[in-house]
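The first chain written gets the first letter, and so on, giving A, B, C and D; residue counts start at 1 in each chain.
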Amino acid sequence: MLEFNDVGKQYKNGFNALYNVNLKIKQGEFVYVIGPTGSGKSTLMKLINAEETPTSGRVILDDVDIGALKSRQIPKHRQSLGVVFQDYRLLPAKTVFENIYFALEVINIEKTKARKRVREVLELVGLADKANSYPSQLSGGQQQRAAIARAIANQPKLLIADEPTGNLDPQMSKEIIHLLGKINKEEETTIIMVTHDEKVVDFYKKRTIILEDGHIVADLVEGGYRSHDH
Amino acid sequence: MITKIARILREGIYGVIRHRAMSLSSSSAVTMTLMIVSVFLILSVNIRLIVDTIESSVQIHAKIEVGTNFEQIRSVREEIENLPGVKSVTFSDKDSELNAFIEAYGDQGDLFKMYVGDKNPLRDAFLIETTSGESIENVATIVAKIDHIEKVNYGGTGTLLLMDSMESIKTGTLIVMGALGLLAILLITNTIDTTINARSDELFIMRTVGASNGFIRWPFIIEGMIIGMIGSLIPIILTVIGYIYLYNMLDGYLFTRIFALVPIVPFVPLLAAILLLLGVVVGMLGSFISVTRKLWWTR
Amino acid sequence: MITKIARILREGIYGVIRHRAMSLSSSSAVTMTLMIVSVFLILSVNIRLIVDTIESSVQIHAKIEVGTNFEQIRSVREEIENLPGVKSVTFSDKDSELNAFIEAYGDQGDLFKMYVGDKNPLRDAFLIETTSGESIENVATIVAKIDHIEKVNYGGTGTLLLMDSMESIKTGTLIVMGALGLLAILLITNTIDTTINARSDELFIMRTVGASNGFIRWPFIIEGMIIGMIGSLIPIILTVIGYIYLYNMLDGYLFTRIFALVPIVPFVPLLAAILLLLGVVVGMLGSFISVTRKLWWTR
Amino acid sequence: MLEFNDVGKQYKNGFNALYNVNLKIKQGEFVYVIGPTGSGKSTLMKLINAEETPTSGRVILDDVDIGALKSRQIPKHRQSLGVVFQDYRLLPAKTVFENIYFALEVINIEKTKARKRVREVLELVGLADKANSYPSQLSGGQQQRAAIARAIANQPKLLIADEPTGNLDPQMSKEIIHLLGKINKEEETTIIMVTHDEKVVDFYKKRTIILEDGHIVADLVEGGYRSHDH
């Protein structure tokens, strides 16, 4: 379903964040992406979301070359994705409810259905009581969960989550991973998750891609944080 | 469709309300700009009216040759009336000419009393009003060539100069108005642009969440319209109340009975409409341009 | 101390450069505002000059009784010259009075030729110029009561009305200028406020990192000054070039030789200074107010 | 040195984030604050930083009632603190170098000394090569380290760090904790650190305060994440 062909990414200031990345992810897979800070994980995610374009190679999702998408084709592409951004990206002037509702309005879901779905996902991430709070009135972990709720609300085919549990306590992390696992299984959603959480990676073993300095240094089908030695 | 419009309106209104401080600030910028426009419009329209009044008060004085008979006078009169640029033609016989002369020279007028009666050396004449100051010279030249017209007079170069300056004033107000209108449009556009600029992160987030440009743009356009509308309220109210008050206080005239102010109706409603339109349409346009440009730079 | 000032300047300049788009946008708002101010200033100063010219062209005509001897005339003249509001007094004997009369009535002037010589029914007279239109009536009344003055004339109510309207125009331009100046100040303040508003998160972060209000404020004030200065550049250049061009093109006169334009020096340098000052000082003030208000709400 | 006396905090929207918090932290201590998301940890930090005022009780630092500080007294108070904010709060229009330099300018440190210190702390958090990058050009973990560098730059008496390792990989986390431990020991800096990282809390055992729903439910001198049972 998703394919990286020899992808390189150099930022405008000349910094090279990715080198020759080759990668194939199949429909319905659950993949961890791990690696030290600054190794290019978020860059990888941004390429999938068409936020950045590769400077070499191609990123292909279901036969579509994402890097070659024109500006006006991008929304359609993004509507089929769910993204948890590392910096959350909640709309500051909208409540939690409205933030999630917005993502559903974008794909033109009928009003009552959309409202129901928003309540549903808020329930799922345990944020029902904060529905009417603005992002600035939330704790870090609550903002993160709001971002997760928004990403799963439209039942995307592909969910990319950049460090979705960085601000969550271990208990909540576990619940969220559990939730993602369930979505992966029940709805066959392909999930790519960037994480630093050794516990999670070690406990719920999945295919694990390890990045270092912009290179994929390992792609372990058996998973586990420690199975790769520096 | 209806739900779409409902969303756009709702989001637009929410946008204004939730960014109260910003909206208020840009609304007041629009207010100040439109206040300037309003003052300028009131001034220039009234100046033009005064200029018109002055222009139309200038008449061409065409003396008729001695011995021209009644029939001939009538036909000459008709001929003049049919000239382009002529508004009205009045016949004035030599007695009334003398009276007018005596009256016009006030104090010294008595000196002419001796001419009253058969000794009157003056001529019958036509008093010709033209439609505009510009046509005076033309009409005078043509009339001068008509048979039985002895001499044509319109106050000479002094009057022509006056007419010239009046026309210059008219052109001047038009140019200044145009420039000012343009500046006002740019100012309002700029204000709205700044407002949206300050929120480019929102645009960016909306884009990354999959919203299309059209989806993002419309609520902002509504916001621009609302800000423009709110911004035009105070200028409209002040203009309407202010002009009506001024008009009534001055009894409709400026300085003297000669210079009438532009009547309240339809001027004030029109002015209000122009201000509202400037606010709303330019607000909308500014919004549109700003959002479009921002989105252009956002992947 | 010097390092502190260096920091403030550096940070202010960086602020402008690193928020290029914003700075440019608010600079152009300042530009447009000052353009309007400039046009208005040029207009009103020239209108005032024209009004002054018209006012000073009105003279009081005081006829001297027949039989007043040379000595008496001289003492009356002195008396008039010492009146408050009198600018100049000219003596005009009855022959030159008649000539002026004949000339003034152009075409019909010939009718008076018969009076030339001993038959001249006119009187010797003083032509009195006043310092302002307002003093005409006063001076005329006082002069009328002086011994040996037969009659005083100043064009009657018509002239007074003209003088009244001229004074009204002067007051009018002053009021409009004042209102416009205020609006311009508000507009510029508002523009700077919006610019800083959009960056209130920066203010907030600086506060939370331990910066005192003074420490935060100064660079922003410099920023406001720079924006105001940049914004005033174009209006200044356009004003200087535009006015000099216009002045030379019109050869220093408006319409006729009677209405001189305000001379380039010192008007244009002064105008440039006013525009610069408006930009810089108001930019500074706007910045100060805005930052202070923002900090007021930040713990 | 730091004392919470019966502190309660209710936010303007009526939400009660802290109840009757009593706490004493001595000079030179290293204290973890842990607890589920939304339990009030950041609120506690914000009270110390005088960003929020308690609605009841008093927060006292070296005999100064922080909650009663006037607006113009607050900068002085903050200059003696080092704070790592959960949301980093880097100035977007300043480079990493300038961000840290700013914190030193604030306390009026001489130019060459300040520049030297900035390079020093950048080295300490391993960000020397990103000195001239703007925050938007950094990865999540790099931003976080920049925030840490800024907090320790002025050698504060009291360092409060809100989730300083949430976006760091385990290796980098360890190094940062190590760094904080060193600062704590060598410079006698009192450190209060909010964290979700079980590994850290379990490995470097320190006094641990556990918050739940705004209440302090445990204050364990022996430390460890698991030593408290729900």
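As a working rule, contacts are C-beta pairs under 8 Å (C-beta built on N, C-alpha and C of every residue); 3 or more make two chains touch, one makes a residue touch a chain.
Just so we're clear, the structure is a prediction, and the values are computed from it rather than from any experiment.
Novice: Fewest touch steps from subunit A to subunit D?
Specialist: 1
Novice: Spelling it out: a chain qualifies if it touches subunit A and also touches subunit B; which chains qualify?
Specialist: Joint contacts: the list comes back empty.
Novice: For subunit B and subunit D, what's the span in angstrom between their mean Cα positions?
Specialist: Their C-alpha centroids are separated by 66 Å.
Novice: Between subunit B and subunit C, what is the gap in Å from one C-alpha centre to the other?
Specialist: So the centroids are 24 Å from each other.
Novice: Return the distance between the CA-based centres of subunit C and subunit D, expressed in whole Å.
Specialist: Computed value for the inter-centroid distance: 62 Å.
Novice: By residue number and range, which residues of subunit C touch two or more other chains?
Specialist: Where subunit C is concerned, no single residue meets two or more other chains.
Novice: Could you list which residues of subunit D touch at least two other chains?
Specialist: none
Novice: Taking the touch definition from the header, please name the shape of the chain graph: line, ring, star, complete or other.
Specialist: It is a ring, because the chains touch in a row that closes back on itself.
Novice: Among the chains present, which pairs are found to touch?
Specialist: The complete list of chain pairs in contact reads A-B, A-D, B-C, C-D.
Novice: Can you tell me which positions in subunit D touch subunit C when the two form their complex?
Specialist: Residue list for subunit D touching subunit C: 49-53, 71-72, 74-76, 78-79, 81, 83, 85, 89-94, 102-103, 105-107, 111, 150.
Novice: Taking the complex as given, what residues does subunit B use to touch subunit C?
Specialist: Within the complex, subunit B contacts subunit C at residues 21-22, 25-26, 28-29, 32-33, 35-36, 39, 43, 101, 105-108, 111-112, 115, 121, 153, 156, 161, 164-165, 168, 176, 179-180, 183, 186-187, 190-191, 193-195, 197-198, 254-256, 259.
Novice: Looking at the complex, which residues from subunit C come into contact with subunit D?
Specialist: Touch list, subunit C to subunit D: 3, 7, 14-15, 18-19, 201-202, 205-213, 215, 295-296, 299.
Novice: For subunit D, which residues are in contact with subunit A within the complex?
Specialist: Against subunit A, the touching part of subunit D is residues 11, 13, 15, 34-38, 41-42, 86-87, 133, 137-142, 144-145, 162-163, 166-173, 196, 198-199, 225.
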